[in-house]
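Structure in structure tokens, see below.
Letters are used for the chains, namely A, B, C, D and E, taken in the order the chains are written, and counting of residues starts over at 1 for each.
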Amino acid sequence: MINPAPAAAAPLVALRHVYQTYKKDNHLLRVLQDINLEIHPNEILCLVGESGCGKTTTGKIIAGLLTHTEGEVLFKGRPPASYTGARERADLRRTLQIVHQDPFASLNPAHTIGQILSYPLQRHGMVSGRAALRRRIWELLTLVDLTPPGDVVNKYPHQLSGGQRQRVSIARALTVQPGLIVADEAVSMVDVSIRIGILKMLHRLREELRLAIVFITHDLALAKYFAWEGRIAVMYLGRIVEIGPTPQVIGQPAHPYTRALLAAVPEADPDLTRHKQQIPLRSEDIPALAAIPPGCAFHPRCPFHVPGLCDASLPPLAVPAGFQQQAACLPLHQPEGLRRYGT
Amino acid sequence: MIGFATIATVPGLLIGMVCGLIPLGIALYYRQLRPGLLGWLACAFSGFACGFLGGVPMIVLTTAVVISYAYVNKQDPFTSRAALAEVNFEETRLELLLRLLAGLGNSVRAGLVALLRNKAGFIGFLGVLFFFLMSVFGPLLIPYDGRPHPDRRLPESRTLFQAPSAQFPLGLDWQGRDILSHVVHGGQGLILTAGLAGVLTTIIAVVLGALAALLGGVVDQVFSAFSNFILTIPQFPLLLVLASVLTFESNVALALLFALLSWPTLMRAVRAQVLSLRERDYVEAAIALDLGLWHITLREVLPNMISYIVVNMIFSIRVAMYSIVGLVFLGMVPLREPDWGVMIFVGRQQGALSNSISVWMVLAPVLAIALFQLSLVMFTRSLEEVFNPRLRSGL
Amino acid sequence: MTTFTFILIRQMPGNPFSIKVEQLMREQNLTVEEATNRAGALFDFDPNRPLLEQYTEYMGKLLRGDLGKSIISSEPVMNMLLRFLPWTLFSVGLGLLISFGLGILIGMLMAYWRGSLFDNVMTAFASVMYGIPDYVIALLLIIVAGVQLRILPFAQMLGGSTPGIEPGFRLDYILDLLFHAFLPVFTYVITSLGGWMLTMKSSTMSTLGEDYITVARARGLSQRRLLTAYIGRNAMLPLVTRLAISVGFIVGGAVIIETLYQYPGLGRNLATAILVRDYTVMQGIFLVIAISVVFSNILADLLFGLLDPRVRLGKEDAS
Amino acid sequence: QEAPAGVFLGTWPYVLKPDHNLNSFSPNGPTANLGVVYWQLVEMPAAFYKWAADEYVGLLAESWGFVDGGYELTLKEATWSDGSPVTADDVVATYGIGRILGWSQFNTVASVEKVADRTVRFVWSGEPSLLAERLILKENIRPAATYGALAEEALALAADGKTRDDQEWKDLNAKINDFRPDALLASGPYTYTLDDVGDSYMSLFWQPNSLYSGTVNFGEIRLWAGETEVTTPLVLNGDIAWSTNVYPPATQQAFQDAGIRLLIQPRGYGPSLLFNHDVAPWNIKEVRQVAALVIDRSENAFLTNGFGATGTQYMAGILDAQVPNMLTQDVIDQLNPYTFNPEAAADIMTQLGYTRNDAGKWVDAEGNTIKSEYKFPGDFADFSAAAQNATDQLNEFGFDITPRAVPWQQARDDIFAGNFELSVWSWGAGSPFAFSHLRNPVIRFNYAGLGEGQPGMNFPMEFEWRGEQINLTDLINNVNVGLDVAAQQERAGKIALILNDLMPFIPLNIILSTEPWNEAELAGAPADDDPILQNPSSDSFVILYLLEGQIAPAGG
Amino acid sequence: MTVTPAAPEVVLSVRNLCISYLTRRGRLRAVNKVSFDLHAGETLALIGESGCGKSTINLGLIRLLPPTGTIDSGEIVYRRRDGQTVDVRGLTTGQLRQFLWRECSMVFQGALNSLNPVIKISSMIYDTAAAHGMDKKEARDRALDLFQKVRLDPRRVFNAYPHELSGGMRQRTLLATALLLRPQVVLMDEPTTAVDILTQRSIIDVLKRLREELNFSVIFISHDLAVAAEIADTVATMYAGEIIEMGPVAEVFYRPRHAYTLGLLEAAPRLSVGREELHSIPGSPPDLVEPPPGCRFHLRCRFATDECRTTPPPLTTAPEDERHTVACYHTATILKTRQEELARD
């Protein structure tokens, strides 16, 4: 539906053929392989996938917190090395912010909320004068719906609930007026009843502050809800296997993996969920990163796999006929692809 | 010099009493008589104990506490529930000062409460306090008995040792001197040196450990190799050699020597701790916010290690005390009396342990050391609470 | 390390020659001349030889595994080490094992019954014991238990074994060894017990909070099995590393105690060697100390791997 | 012949196996491991010296005496433990090896010759002296059966005119040291094998072939290993019946409380305060005299070793007990006794230009106190007690002195190197000759008796005294030369007066040997006033009384 | 549709259970007057936000509360297969040990932490068997069989250390172990939280199948409504230590009568509907040391009236289904709101 790419403007962040490899006990861990992504201002991109598939790694590379091993990452169209001078680098640094998953670990227990917010404000001269500083803190806390701010500003993180803490994390990221926020499972540890509130607030912030948000989650229902106006990228073992506008990916999934995921999600509706059709996988277990299967990494589990095809060559990420999203599945790209599945 | 020299003297008391007028005055201004009086007493007391060194910092602390009582009623814009437009964020310098002092005062109070909350910790605190008071004020009550007293020899006795009696509750030592007075006077030096050694060990360990962890690479390897090297040095001959080359005249030199020999274990622990803290999400957030290495080290990492560091510092103090006594025991330090270590050394040499009339010369300092260490151990439990904001403010 | 100790040792005040002179004068009441002459004839050691020369010679031999001969008795140092080391290993090792065993047992119970009278008493006991130097304990033990109360036949207990007893794998010999080892072992146990107890207590406390303990309870396991296989074993893990590391300090820690109890171990030998400045012997013993420290660190890693499957398999995975 | 039943319970800090060996010429042989007393019960010397009576009692020797140009010694008809006779060959062999080892007998002896089967003659090289006689009579005689081969090599070398600088000589010296006999042949009634050396005690066992085998009352002599601290509980417990260790007063008290008798004998030394004469103001004679005046020596003695020490009376550089023998009454009367007198001392200080400051310390014109460091061997209980008390007393008077304990090895080396300000070491000697007393410490701890670059106390030995040019080194070295006792007394007297006046060191006190003697186990100790108790502990009565059978198991 | 047992025999009956913890700040009433019946073969889902006392009930039922927690009052009656009833609170330690696992076993939250890292799965099985007098061979056979049933490679898992298994495998291992002694009741504390979607799916499927085969009752704790919707027969919503609504799953999901249940439902995103409007519940859970007066939920409730603020609402039964109980004054309004929403979808 909405593929917000005003071709003229350079993307905020662009990943081109990015690889990330770790060496661990003589093994090569191929955590990310050939990742291509563009994030434009004010866009929502959602990364979903199972645990360990490289979502956080991608997020950190996007946020500029991690250097990749191969490929190219461009910030506003330029490689990071071209940002010379302290001022420029600082500006770039501040453009990209991250909100962590664990609200217990992401706030320093030794400081009050007021302190946590005032450090970046002071350091980057975002405000001048004490009164302005305090006014700004007040504003930020109001912005993230922590009202009245006086109730939280002098408290320590442990005195707040998980949801409140997550809001503080967001407020902290906002202190430096970023252009992009990577929200890494930002609500998976807060309670169901408050999640929606935080997501709504993020939506509002995106609109008010023209933020781009990279939303990382393994909860497809949540992804669907949050990224309805953006795109979803499904990752499997370090690769993006499907990417496209959310309604398409959710409503008409292309890749077998995405389909399996969607089918596996229980629904908060007894009738619906008990009659949902399952896609039985051939194997329960996800292969180790150190031993990624050749060809399509999903083929050992894929119920639709074509022997001799899927295990032989890497499927390209392309738009299959009849779909609006890109998917990396060889059978799909073949003429009879659609038929085989009986969509 | 004014400072420690004024310990437990009338000038010290005067200094303290004068210092105490400040919190008292402020308290009167705010009509908070009780904290004011307590503040005055605290100032007088610590001035008495440590002269300027105790009195002046105490002014700040007690004043802060006084203000923290008074400030409750002040309107901090942040505590108001008014809308943004109605809130006035301007404040004068005085208001800022008051606000900061009140914050400090609140922390002090919370710290005190945390200190008192843990039963074992509180007993430990009392123990440490007892030894402190004994070392500082004990000398006022019990004069130092430094001269031999051949005249105190009991008829028929071959020695001047005497078993405890009503007149000499801990008996007499080999020179016929009052053991009690030596116990009272003999702690200062040892406690001070051990304390200094512990502090220095901790400083070296923390600095090197933090550097190794934060800088990594070659620095890390060099420091780690160096610490391994120190660990394998046989300390006994090293001390022998050093003792023949250096005179451990000052407590500082002795403490430094200990610090130089004992930092490696703590350094490794600190390194591991910093490495793990560095991985914390909030550190990553600070990097993303571009807060700078100094900020990250001092504001993000360090405060979370304080409790760990302090507990380890106390541990180092205990180890240092044990080792200093050992060094004295080997006779490698100038035997400056009065000193618990020297008592054990000379007592052993004079065969004090062979005889029930003389055994107190060794037992008394040994018990003093053991009890002091016990107090320290128990005290650390309270300290953990004091330094942990989670425990501290969960009132 | 070796270089460092070599230099260190030669810097120690006094040299074997002049010390012998002093000893002869003091013990045999010889005059200076007599003593000097006699001592002079006794040594083929030349204190004035350049240090560098001595050093190169020593290192050359060391590389061939030759530790040299004792300056005093011309006995090969290696022989002496082999002769004395087993005693120290036996007594300190036994002490360490017993104190470790008792320590983890009591520590575990302390944690299990935390807050009880037992816990409080034991905590105080442990902390106090931790603060008393071991030699004081040793002296008190002799004087109080041996002399004043006469509950220990301590004179018979001195030394490593009863003179004249035939070594061999026989019950009476082993009992004799244990009898003689009692004093040092008891002292080691008493002095190091407190540390183990306290560490084990805190380790157990954290283990008790683990979910798998609750689950094991829920499975209806017997108290004993729970305490041993679930609580004890897991809480012990971090202590094992420390145990291995203390093995490294076995030799160094025994000097005063072995001297007081006349136990024929390396520590007592070290004390004598230091007293008479027998450089080569000291050098040999320090080498043993350094090696054992290094060795015990390796041992710690190995042990940990053995006891904790997570580490063990982590290694195998890698290969 | 049956071994007697008794067990003598003694102690000596012997060396453990495998360091222990049976070569009595080697540093870890019986010489060191048995100590003088017990060694004499194994390899007996020619004679035993009774100090009070100034007479020798023959042990192996039947007769002895100065002969023209030499000294002759005839042995009794004795046998070694293997049954072979003790002969002149044994003496020749002993001295043959002794020459290689550089024994001091050879300062005066040129050669040792066998005169008859049991008679040897010592030929003088220098002037004969009583000192040389004593060395000969006290030397333990070793069996030629064991050392004969080595002795022959030794004699051959000497005959070839080789000296100690020759390589052969050095090689033989090393060979002697490395020699390890399997058995210890004894002329005395006891011997032992290496199997008898245990970790906690070793045993000497009775053997039937000695002259004294029939008179001794003990079948075993058990020696517990260990120093003072180790033996204390053993003595208290009755496991050691007689000990020669130095026990601090508290321990002596404990012994007494346990009903153990304390035998007092001279020990032959005492602590003295050594000045570094390079350090002001100790280079001023009067200041040293002041120091001598303000230390109450009996207090110092009591703190040094309780009743086991006496304050020095004569201040002559000769142990008090020997002063009447070695000096004339005339000289004794001239000696300044330095009776404790702070007032007089204060006067001297004032004359020297010092004043007392508010703290009661003496200060010079610039207001500096007399600051010094008093270095002492912390591991010697007696010396350190003496030093600490001396420091206390000096400070009481108004000096400003810090005591500093160091290991004794270091204290000694530091004294040699002149690296001290005040220190403590022994004075006096366990010898009946003035020379041994007087050289200690003025020669021993002074440049005069030390090697190059070792100033020691750096007390000038050549100076003008009472208008006379004195070379103190020569005076002391020659004091006992010759056989003329009166001349020796005169020379000694002069030195004594010099030392008494210049006070190059302060003889603080004299330590006595306070030896626990458990009468519940041992009978036969002399009464407290028995003159044999004037023998210093190195010539202990125990040697003689044991051999003669006067000491016996109590109640047995 | 909802499976209702023909002859609902009660295996576990809980009445007025109150559990509290001793904290620094005072008594924390974590479970307050909770009552419910668990029928044979029934799956009861306890849902509610974090800290509402779900795990505490669970631990209370088998008396494994931490030392600071105590059961203040209430009744826990268990009915054995032979018809005998057992008062769980009255069991001695020895009896309790026999009771646990044989009659009532459990699967905990966080699979990794529930397994002792240093012993093998096999010794864990043997330990359990030994504690209940089952012989080794039988235990092994049964374990292998169960592993098979939960779709694990039996032999590999049996001889493995916990860390060698992936998260999903561990969770299934725990499930199998829980069934080792054929208990009547299995307590499951968030067994699917913090696992991947596909793993969660396999656990759900396995659980469903086993339940059919072995016919045990389950108390299933979750804060995920979707999972509860899929496997529960009966759903109980908890808030601040109290069960505020309980009823058959369809009743609670389609005809909720409590504002809090409604709030939870409104906050649950669903995949199969397109763009949807969700709402969160404002505010945060109440302090259990000093709970608010009246209805504990009133501070966050959009329907709250004065009545709610003062008097706790009594437990009432829904007119349509007597198994559906609820403690709310505004049942009708809430039911209507929900129905309107459902109609809108």
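Just so we're on the same page, contacts are C-beta pairs under 8 Å (C-beta built on N, C-alpha and C of every residue); 3 or more make two chains touch, one makes a residue touch a chain.
All of these numbers come straight from a predicted model, not from anything done at the bench.
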Pair with more cross-chain C-beta pairs in contact, given C-D and B-D: C-D
Relative to chain E, chain with the most remote C-alpha centre: D
Farthest chain (mean CA position) relative to chain A: D
For chain A paired with chain E, centre-to-centre distance based on mean C-alpha positions, whole Å: 32
Centre distance in Å when chain A and chain D are each reduced to the mean of their C-alpha atoms: 91
Rounded Å distance, chain A centre to chain B centre (Cα mean): 50
Touching two or more other chains - residues of chain C: 12-13, 139, 143, 147
Residues of chain B engaged with two or more neighbouring chains: 240, 244, 348, 354, 394
Numbers and ranges of chain E residues touching at least 2 other chains: none
Residues on chain D engaged by chain C in the complex (per definition of touch): 15-16, 18-19, 21, 25-28, 31-32, 35-36, 100-104, 107, 135, 170, 173-174, 176-178, 195-203, 224-226, 229-230, 233-234, 236-237, 239, 268, 406-410, 412-414, 416, 429-431, 436, 439-440, 444, 449, 536-538
Touch list for chain A against partner chain E, complex: 50-51, 161-164, 191-198, 200, 218-222, 224-225, 228, 247, 250-251, 260-262, 264-274, 276, 278, 281, 284-286
Residue ranges of chain A touching chain B (in the complex, touch as defined): 63-65, 90, 93-94, 96-98, 100-102, 105-111, 114, 119-120, 123-124, 130-132, 134-135, 138-139, 142, 148-150, 153-154, 156, 158-159, 169, 172-173, 175-176
Chain D residues touching chain B - in the complex, by the definition given at the top: 228-229, 232-233, 236, 247-254, 256-257, 299, 302-303, 306-307, 373, 378-379, 381, 384-385, 388-389, 392, 396, 402-407, 410, 414
Sites on chain B touched by chain C in the complex: 120, 229, 231-238, 240-241, 244-245, 318, 322, 325-326, 329, 344, 348, 353-354, 356, 359, 362, 366, 369-374, 377-378
